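Step one of this worksheet: look at the structure below.
Labels for the chains are A, B and C, by order of writing; each one numbers its residues from 1.
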Amino acid sequence: MNSVTENSEPKLNYYETDVAIIGGGPAGLAAALSAYKENVKVIIIERDFELGGILQQCIHNGFGLRYFKQELTGPEYAQKFINEIKKTNIKVLLNTMVIDLTADKKITALNSEIGLIKIKAKSVVLCMGCRERTRGAINVPGTRPAGIYSAGMVQRLINMEGYIPGKRVVILGSGDIGLIMARRLTLEGIQVVCVAEILPYCAGLVRNRVQCLEDYNIPLLLSHTITAIRGKNRVEEVVISQVDDRWLPIKGTEKVFKCDTVLFSVGLIPENEISLKAGVILDRTNGPAVNEYLETNISGIFASGNVLQVHDLVDWVTIESEKAGKNAAEYAKGIERPSKLMTPIKTIPNKNVGYILPQRIEYVDKEKLVQFSMRPRFPDKNVVVQFISKNNVFYSKKLSHVIPSEMINLTVNLDIAKLSDSIEVNIVPSE
Amino acid sequence: MKKTEKEKKMKKINALEYGKKIGEKKDFVCIICPNSCRLSAEVGPNGDVKINGYACQRGLEYGTQEFLEPKRTLITTMRIKNGVLPVLPVRSDKELPKNKIFEAIKIINQYEIEAPIKMGDIIIENLLNLGVNVIASRDMEISKK
Amino acid sequence: MEKNYDVTIIGGGVTGTAIARWISRYELKTILIEKEEDVCSGTSKANSGIIHAGYDPKEGTLMCEMNIKGNPMFDQAQKELHFDFKRCGSFVIAVEEEELKILKKEKEKGDKRGIPGEIITDIKRIKTMEPNITDRVVGVYYCPTAGIVWPFGLCISLAENAYQNGVHFLFESPVVEIKKKTDYFEIKAGSNTINSKYIINAAGVHADLIAKMVGINDFYITPRTGEYILLDKNAMNLKVIMFPIPTEYSKGILVSPTTHGNTFIGPNSVLQDSKDDTSTTSEGLNEIIDGARKLFPSVPIRSAITNFAGLRAISSRNGDFIIEADKNVFGFVNAAGICSPGLSSCLAIAEKIIEILKNDIGIKLIEKPNWQPYRIPQKRLKDMNEQELALEIKKNPKWGRVICRCETVTEAEIVEAIHRPLGAHSLDMIKKRLRPGMGRCQGAFCTPKLLKILSRELKIPIEKVTKNIKGTELIVGRTKNLQSIIWEGEI
């Protein structure tokens, strides 16, 4: 099926495919299955030893409430898709790391058994997910001893390898990852001293605050941050200070907490190194700027999941990736799109909108439904989301509350005739 | 709000049977939906349970359960022999009382199962006689090593 | 390791390893003793990585002499030893008319010393050479012979070549006592005792304490901390090292490219008492951010990936180098007070030490007939084309397994680094040799894999794998009474 040509001396392997999916986590799995349903050849390239991506280490539940109407654990959610993949002839390359991607959709990858792999694809879906923000990236001063980790790395060590990284832990960041790890560490007999959060409110779901912190009497210090890490060979203590409304530490509020481990859960950053190699242009989301087909500025290269925008619910990753996969398949099949607009319509995130996706509308359709994703910059209650073009609010939706940790997804009907070359999106208090 | 069947049923619950005392109070947040209603629970003079602050049926149910006998899903890992990983993620198929979680963990930590395993396989039946099973969260194949 | 040596070098930074490499040419039984688990663990680990042109040091100082001599030596050394070095040039930047006078003064110093350089006031030309420069620039003093070096690579290649030529190395052995016997020194280092005819004291910020052990009290070393922030690759893409107008005692807070495409800002300059405190502080980090903003108002701090601090050894002899055979304690040679421009000078310092051994100590230096100046570096994926890589994977499948995604480093390279002479046996040693842990993910992806590789190759349980010296183990145990294991097989 796939053309594998082996040169006599070096180990060079060539594959040709219709759709290449880079990454076999929730985004890649959904994109692959969706592309497959369009009767095209699909390859998934995954660097880990199995499919499932980050879900395999997210052993807690809360996944699938929307997509499956069930409350599943991360591995259960992944397994459902993996089982579907097994029924297809989608080619899966495991233990394979993509090291290059070109604008003409040529992928270079490495695998220890197969060798150096060159894949020629008609279209590509970028599904590489995220990496975590680090201590260094947020400039926490102090020493650099053993015992400083990102929450995700510890999650993998405990949940998949069975290794304990420390005995007494301070966690920075009350997003869901930090909260989940507070509970997980506690259930494995590791003491969690406290969770510090720079915002004045808990960044994760209320449910997680209750079931991960309150259940175990783990103190949550809001408007606090770590201002120093101390210890020579191993972490010995951290200094936690209160912050003002500009997130600057308030002198005199320093408290010392003895610990041997610090977990940083301070945000996710889309992992777009490969995208940049192909010349993909990124947006303020740190992910590619895309059009309504989830296509990047490079025609035939699509993106979905956390590499495109950091998601809070895997259900949305699946729905977004199904679209991207289908679009990539149709691109590979050469299916015609409506004619391209002379000037793309730019979407502009304005009042209390941190970002909006897609960043541009490129094709003329008299009317079409487009799904928009966005996040507010700050929390608010009783608001209305407004889409404005030609000075006219052509779409609005009331929401009872918005918070940066929750993505807003809206399906909006666009009548091209009613649009100028830009759409402004606001989240404002409703009257 | 009109009294529904469920609410009438709630009236018949006796908090004293759950170890609560007359006059005992608790304030907490509902986790069912993003409204995060502030709930308060109180045990009345007849041992009846009064819940205030809910805006929907599910909130009332959650509030009552959380006050009388908080329940949680148990999520952890279990040792597995000959698998592609040394530990298998497992979960309880139903919620169990929050105050039994640590006891349940102790039991699970003493188990060792063997690959291959399929998602949903029942590993421990009727854990602690609570009518709850511990099941596998994923398939795990035999390691090729 | 043996008991009796001709020469013992105390300290494995760039000074000590350069001296070791230069001494290795002669028939002198030599050992280098280092208190950490690896070379390049003190000041050499945390500095600007700059090979200065040489206009800056005060006239008549040893620093000046060594910098001027040392800078040109890097080309030959790079050919022989293979480390990352690039003569990218440097700008001293004037942002006010007043400051042009200072540029002129610096150039005068440089001209007098024969250092190539020019003052450029043609803003267009400056901007072509460095598009990122501040709009406020009125002129620069440009020195094309300034360069950037990868200090880890330099230090490790010096050490490997010294080892290759017969120098012994002893790690995790801090010197605690030195007894002067009639014609040798008895050195207690860690749990070892070594007898050595001569000692070369290259112990960085601790050099005065070492000297005291043999009764030398005429200098002391004050540590001066310098903090840095490292920015991600492609955050700035600078072509040239950027200096501000120098102050009386320091070259100021710089913004500089690194040999790997990163950018760093720093250092500040704060005297301190502790010889071991290399913590960064919020005041220090803010100071260097402010300093960097003077040269680049929109310096992208959001692209920071790590911050670190290093201690410079400031000698009590007017802050100058102390490179001399001690007048009273025969056989004891100091190479102390090596602060900036220490890195630029290290090769010249090594040469000077040889002269001191010959002329002041009176050692007859017999050249080894088979001294090998060339070091064979290990193969790196980043240097291969696809055909070469495909061939390597066929011979050794570990070339097909990428362990560090940020810097694209394979299992084969890591295994090689572990088994080379002076091989890596800790996470930091792998980091210094190959860079896993220095990228934007700061080890989040590679660390679980590196733990397994070190366990497997060193045949130790994962709980014994350290970040650097003993006591820096990462893993404290296993969940659920899982057995402690030594990793076997694939990663």
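The criterion applied here is as follows: a residue touches a chain if its C-beta (ideal position, glycine included) is under 8 Å from a C-beta of that chain, and two chains touch if they have at least 3 such contacts.
Keep in mind it's a predicted model, so treat the numbers as computed, not measured.
Of the two interfaces, A-B and A-C, the higher number of touching C-beta pairs belongs to A-C.
At the far end from chain A, in terms of centres built from Cα atoms, lies C.
Centre-to-centre, using mean CA coordinates, chain B is 56 Å away from chain C. Between chain A and chain B, the centres computed from C-alpha atoms are 29 Å apart. Each chain gets one centre point, the mean of its Cα atoms, and the points for chain A and chain C are 38 Å apart.
Counting only residues that touch two or more partner chains, chain B has 77, 79, 86-87. Residue positions of chain C touching 2 or more other chains: 479-480, 482. In chain A, the residues that touch at least two other chains are 158, 161-162, 188.
Residues 28-29, 31, 34-36, 72-73, 75-77, 79, 84-87, 89, 91, 98, 101, 105, 119, 137-139 of chain B touch chain A in their complex.
Of all residues in chain C, those touching chain B in their complex are 479-482, 488-490. Of all the residues in chain A, the ones that touch chain B in their complex are 49-50, 52, 56, 59-61, 71, 73-76, 78-79, 82, 158-162, 187-188, 205-207, 210-211, 215, 400-401, 406. Residues of chain B that touch chain C in their complex: 77-79, 86-87, 109, 145.
Looking at the complex, you find that chain A touches chain C at residues 7, 9-12, 47, 95, 97, 99, 108, 110-116, 131-132, 134-137, 139, 141-147, 149-150, 152-153, 156-158, 161-167, 188, 227-228, 230, 232-234, 249, 260, 273.
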